[in-house]
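Chain lettering (A, B, C and D) follows the sequence in which the chains are written, and residue indices restart at 1 in each chain.
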């Protein structure tokens, strides 16, 4: 009798075919965070029943571009970097559930299948996109330095349509990278039944946060953001009313699992 | 209070952001099917506990290349074809569960996120890949005709590695496109818990088959197949011992849902 | 002493590494042609010195989506279809040089390197893009039939920005696929010197047309077209003032070479 | 009369449509260099008539992975990074022409059209490929540090086939990044006539080197390299007989032009 292996599909005799290896998953990357305020009604419209707006600054949004390497505990992905490197862009809001304040990812695009599958496991509602963000450099003229005056661009496209464009200029060092994506995540993990009209096969609220966080120096600065309409997206409904600030930082983190808060089914 | 919409993530106020619209899903495409026999032990090694080898011809495998258009009942995807077109390559075996004979997809690669997500919903263990298959033509010299002597190539790559290469030559018309992918599907829909070591959040055996099947003329012929090793795949373990035949056919089908047979959790 | 081979770079001992094999090149594909009129000044602005507007209907433009298979005289590309299949979208105008009326391609995007290099050889000013066009089908509900009422969408993106979107509805059969892309091509083949400020290393006007043209039935219909702005494109300057018609046809053709009319250098 | 602009095609009224802006081109990137010795006959087989093997160490080859940002003198590409970022992998040998020792790029793959076109201008025989190289990190566990023990992987694929895989482990600092890619380049810029059998329209030997070179600290280490066969490539003919060393360094450089040595036509 076969013993099939595979943390996520496909299952296979040796477990090498699975779209990702089992956690823990280690991440090292550079994050460009754009914080701003939108109409709080637009944030409320993205929260499921029973989850409420944050009482303070309820319209705050973080749109984050991340350029990652990640790997399993075998670290073998790092020597075949097509399995380790990916970029993502994601929109985070804050919310309250049972009296506790959380961060919540409402939209996210990535450019690899292993990151997409891993995200669905964690409750990140990932789709594929094309993500670009300027990298800081230390030599030459083709890139900003991590110092005041350094200018960065960040873009997101999906389906051949530009969805977001940001420009960030460093003004100085920072003690944080903002407050919107700084809380434990509250995510929905839901999967409909294969049967039309039947209750969902899975419907959970989960929370998670990373461990072994290692942070590089943070930089803050001014930021501009354009969100562009698309027939297959609703990101543009989160249009900025007021910019807060931009941030840049290198981040290392490990994810090992989370906690199921409620199982709705 | 918001009413979030989205058959699959992300949920959004208008339901336009979801990676796919709700079923029914309509498909029109061309399928190149390569049937062959591998060592039955290799098929057995891919079947979960409680699912058994087919009693007759247990080593039969179909590796199928499909070039699809698909859409929801709105049909709007057909006017923005980046949302409708995709290709896939998938390996199907037969198996027995509770005395009934089924087809089962053990590996599958697609080239779009909407098809990947839809597949996970149906229990197809999809990953991303690069899929190419020669198209028949009616004019000019750069393609085969759907007639005896017509030659087709089909290839599959993932992570920048070639995984499969097939060559098919039509010998004549056919009354079928083989027997391996001809039964109701028996698929596993499984999702681990976010909590390390906890029971799976979802673990179902489901069955499904299409409705409103419309078939073009079928062609059969001789076929060669090479499966190539990769550190992230186990497809090559299904190496051919003996080729059966190849088939080409245009297929139209609608998927509306399936039936949950067992809920293991 | 080595005898290096390669019609286009790179040169190599066996000639297998070249981005394309030598001509003749055979093509079989499906073309969706959108004909319309723009401001003739916009066409004039795209013609080099000495080349003039067509005297009749000088603002006529054809924007054409093509879904090709192509191959060399070895036909081996057809069995490894990643080397044979590509899509392109190109804008054609008419012009007069030395009293003769020509077609001229002013912008063109393709999705493979072999087609890009081949185009540069022919004077097509190719860049990479993402091109999609609905395919007609014969079974199922996920595509139009080649008959009155059949609806097609066609899109072009580059750099993650949508550049063009067309919708075409067949009204009936046609005896042609329009008049704008129907003449011998007049193309510029130019290459600057490696030395700053020096005269061009190559600057030719050439003409070419295919041979062994084989045509499927043509269909015509109504068409809508949107051209979208981009900081890296000027296609939108050719905005439609008046639509003429759309056309769909399967085309087979062979290219073997052209004629150099003038060598400016 | 129109004044068309465009350093490379397409020409357009405003010059925004050209696949690249005019030089100077500024580059900042990270280079992983793999130096080794192959059979000198294999190098000789890649040199055109009149160009000879280097007298010392004639079989030396450098296979280099580069992860670049580049821009024109407008620097605008850096704020829309899809126009600035690309990766390439290229094979360099040494050769002698008219008594002078040069470096010469014999094969090169890139992942963007602007870099491909720019390369053809410079005589780099570029094709498209998928290039990946591990990035050094400063935080977290998902990447090597630029220090002894840091391990990197680098891969090259084209047409869905893996062509090269390298693994590099830093042993210590270095005063250089090798000797093979350290000389002025000697490149061929050739373009066949549009007329079958006619002399080439362009056939030049050119030399070039960068200016304003700015170098980060160099690291050296041990390296392994596998070159894999493909029907469309001859890179594997340069199989390693003996590894020399690997190197990692950040490089900034500006390219403004070169010198035409001979015009064969």
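Assume a contact is a pair of C-beta atoms (placed from the backbone, for glycine too) under 8 Å apart; a residue touches a chain by one contact, two chains touch by 3 or more.
Chains and their UniProt names: A, B, C, D = Acetoacetate decarboxylase family protein.
Source: prediction; values computed, not measured.
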Name, by label, each chain that touches both members of the pair subunit C and subunit D. A, B
Where the centre means the average of the CA atoms, what chain is farthest from subunit B? D
Whole-Å gap separating subunit B and subunit D, where each centre is the average of the chain's CA atoms: 40
Rounded to the nearest whole Å, what is the centre-to-centre distance of subunit A and subunit D, using the mean of the C-alpha atoms as each centre? 34
Give me the residues of subunit B that touch two or more other chains. 80, 82, 130, 132, 155, 160
Indicate which of the five shapes (line, ring, star, complete, other) describes how the chains touch one another. complete
Quick check on the complex: what are the subunit D residues that touch subunit A? 26-29, 68-71, 75, 78-82, 84-85, 130, 132-135, 137-144, 151-155, 165, 167, 212, 214-216, 250-254
Which positions of subunit B touch subunit A when the two form their complex? 1-2, 4, 7-14, 16-17, 19, 23, 44-49, 76, 80, 82-83, 106-108, 112-113, 116, 120-123, 125-128, 159-160, 188-196, 198, 201-202, 204, 206, 208, 231-235, 237, 256-260, 263
Sort out for me which residues of subunit C touch subunit A in the complex. 130, 132, 155, 157, 160-162
